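Once you scroll down, you'll see the structures, which are given as structure tokens.
Okay, so chain A shows up in both of these, paired with chain B first and chain C after.
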Partner chain A sequence: MKGLNALAHALLYIKMRTKKSQLKMTETIAILVVFFILLLFGLVFYGQYQKSSLAKQEERFFEGRAVASSLKTNFMQEIRCEDEPTGTCIDLYKFDILKNKIEEPGSDYARFYSNLFYGMKVSIENLISDYFDGAVLYESPVNWTRKTAVQTPVILRDVTAVAGDGTYIKKEYFGVLNVEIYR
Partner chain B sequence: MLRYTGKKSQLEVVGLIVIVILLSLALLFYLQFSLRKEPELKKTYTTAQMTNNMVNTMLRTSTNCNAIENTLDVLIADCANDPDNRGRVECRPGVYSCEFVDSEIRKLLDETLNLWQKKYRLYSFLIEAPEPPIFDYNNDIQKCTGNIDSSDTYTIRTAGGLLGVVLLEVCVE
Partner chain C sequence: MKKSQISIQFHWIFILIAGIIILGFFIGIALRQKTVSEKRLALDIKEKFNEIFAGAGVSESTAIEIAVPKVEIEFSCIGNVSRYILKDEGVSQDTVHDIIFAPDLVKSKSTIITWAMPWKMPFNVQNFLMITSPDVRYIFVYSYGGQGIAMDLMNATPDTITKEMYHVNDIENIFDKKNSRVRFVFLQIRPQMPADFKGVDDEVVSAVEIQPNRYVQFYKKEGNSFEMKSYPTDSFDIIEGDNVIVYAAIFAGDIEMYRCNMAKAYSRLSYVAGIYKERAQILKQKHIEIEGEYPVCSFYYVPDGFDELINGAKTQNKIMITGGARKIRNTNEGLERTCACPVIY
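For the complex of A and B:
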């Protein structure tokens, strides 16, 4: 009888221990689940952050390219007025010559400027006078999904205007230099 | 037994506090990066380039005014010289320099700064008599929440020897 009692006690003890262990295991699993959920949450968050940071970096690069292209065009000796600070004036006579040179198919000019203006459209617009509307210097034949433009007011100088007495006079118009960059 | 349970609860509270601190740090880290506004290169460059070029180009523009010298700066100076009679130069029959300058500048602003949706103020006044201004075109510059970029000071001289200035302020947002 005594032996049986001891056995029953032992069984009960083992059963209790097993239940406690099970409980502890469930608790450990729950903690692990929560930990992994948090880890996953962190990874998703980090991934999103990296994605947006990459997009921002790409945008910054695109903007940088736009500014650099605009500066490059603004400071081109080929079209700027001789006696003016760089980036403020375009000589229409020079502009016209360069435009014709670029449009010569297969010429060295066409090759050189198509490399220089790759992925760009460069044009001028004449705003208030009815002398002429504007002209496109170069338009890159690329398929683009996005574009950005930098517009700079510039003086458009015509050195070939003729006065009433038949002499050449200098006329200056309000223009905008449009540099569009494609991506 | 009671003492043991109390210690366990304390430990759990410490764990909870650690988690809260970690989460707060993560949130702060995120906010620091997401709210930091970096200067936009293109916007800064275009506005700086635009403000100066705009006034310089505008003043030197040849107009259709029937005058020997018909650039806008000459016409503005003429207007400033005799504002009571709307200027002395008659650009078209019945249209004197002040009215002509006003219509040309409005046209220019419509084609540029208004079209590009900029907040700006373009104004001009005589140094000796700043009030009333020669002209003052204000497009919500007072509502600018960013920086205001000013052009260089461009001067005009009237036939009467008075000195005037033309200034442009553009909001960079």
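For the complex of A and C:
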């Protein structure tokens, strides 16, 4: 009887030990699961942060490209006044001639300048005088999802205006050169 | 072995595997993050260079020393395709419409130098952008007749570039200073190799020979001497008084870069000249209408020279370009002398 009791105790002890180790194992696995869930959360947050910072960086590049393109357009000899080294004066004759030349289908000008202004719209706007409203030099035929514009105040110059006394004067209007970049 | 002992061993093996997995996971993320960061940094640098070059390109006749990170930039212009590559970052940028003259390799320790010069023929056509770094060494060598020209060129180039001037008799006193690139500029004399440079890598040393108002010739170091890289019929006639193309030759890495960029410049010249030609015709017509029987300004708007200039630009014929440009300049000067007539350019 005594022997049986001891066996029963021993079995109970082993069973308890097994249960205890199983419990420990389950506990470890649970900790690991929680750990990986937290890690996953961390990764998702990090991924989101990376995505938004990448979008910000792309936005910064896009803005930078727009400013660079606008700067280059302002200083293009094809449209700027010859005696204004600051890139803030547009010769209306040159602007109009270039516009007409670009609009000639299949011309060398159309090919060259559509490549130069790819993904852009370049236009001028007359802000004060009612002499004319403005004109579009070139508009790129691209499907865009996002655009940014850089506006530069400029003088729009007509070199063949005649004053009341019959002398030639440079008539100048206050306007804006709009350079829009598409993406 | 007791069951408890097996359990303890299993426990440790389990911890080891889990540890390896977790460690591997974090190492993987760190490596990936490193690659992404490097790529983003490279793109960031490329965009910054785009902005720098755009800004520098419109700053006429201004030399700017720009602080940049330690970087190696390779410039090339082959055929009609020009680009620069940030060597270590592995990113490149095409410069389709920009006219850039630079050594094939610009190593920046902390700064690069940009210098934009307007190319006038006779009106402004486009700025030429010269790019170099203080690590590139320019050595002007002159003979008895060429000292004045050497001085003029030396003084006109930015003070920030590394430049020296030697008489040809002192050529053996020129010693290698381990620069990344060395450009010899020989004025009115055939290139000679200083003894100290004979052991330097061929790609490091190059030369141009300038014969003022006649031509420039490009040379590459091959062993112990300079070898001409253009043939006599292929030499570049210098347009009289046009110093900008002389500077372009000094800064251009090789003949290919010079030829390729000049082709772009001539192409642009033909377009800009076409606009000025039409503008002159419109001005003439306008003034005929305004002035009626007593022509004043309209008398001067002779579109002489434009066709010659445009055809010269299209065929890269320097004689025609020079002739056309001179006629246009004379017409413009006539208009300037006549009171208050709008000028051609």
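Observations on the model:
The working rule: the second predicted complex is superposed on the first by the 180 of 183 C-alpha atoms of A that agree within 3 Å, B and C clash if a C-alpha of one lies under 4 Å from a C-alpha of the other, contacts with A are read in each partner's own complex, and residues count from 1 in each chain.
Here, a contact is a pair of C-beta atoms (placed from the backbone, for glycine too) under 8 Å apart; a residue touches a chain by one contact, two chains touch by 3 or more.
Predicted model, so just to flag it, every value in this text is computed and none were measured.
The superposed arrangement places chain B and chain C next to each other on chain A without a clash. By the touch criterion stated above, A:109 is placed in contact with chain C alone, chain B being left untouched.
Applying the stated contact rule after C-alpha superposition, one finds that A:21 touches chain C and leaves chain B untouched. In the superposition on chain A, contact of A:99 is made with neither chain B nor chain C. After overlaying the two complexes on the shared chain, residue contacts for A:183 are found with neither chain B nor chain C. Using the contact criterion defined above for the overlaid structures, shared-chain residue A:148 touches chain B, although it does not reach chain C. In the superposed pair of complexes, A:128 makes contact with chain B only, with no contact to chain C. Taking chain A as the reference, the larger set of touched residues comes from C, when chain B and chain C are compared. Of the two partner chains, chain C is the only one that A:77 touches; chain B does not reach it.
In the superposition on chain A, contact of A:67 is made with both chain B and chain C. Put simply, if you stand at the Cα centre of chain A and look at the Cα centres of chain B and chain C, the angle between them is 90 degrees to the nearest 10.
Measuring only between alpha carbons, the smallest separation of chain B from chain C in this overlay is 10 Å. Note: residues 60, 64, 67, 74, 87 of chain A belong to the chain B contact set and to the chain C contact set alike, using the contact criterion stated above. Put simply, chain A touches chain C in their complex at residues 17, 21, 28, 32, 35, 39, 43, 50, 54, 57, 60-61, 64-65, 67-69, 71-72, 74-75, 77-78, 82, 85, 87, 91, 93-94, 97-98, 101, 108-109, 112, 115-116, 159-160, 162, 167-170.
Residues 42, 45, 49, 56, 60, 63-64, 66-67, 70, 74, 87-88, 127-130, 148, 150-155, 171-176 of chain A are the ones touching chain B in the complex. Within the complex formed with chain A, the chain C residues making contact are 3-4, 7, 14, 18, 22, 25, 29, 36, 40, 43-44, 47, 50-51, 54-55, 57-58, 60, 96-97, 123-127, 267, 271-272, 274-275, 278-279, 282-283, 286-287, 290, 297, 340-343, 345. Of all residues in chain B, only 26, 30, 33, 38, 40-42, 45-46, 49-50, 53-54, 56-58, 60-64, 71, 104, 107-108, 111-112, 116 touch chain A in the complex they form.
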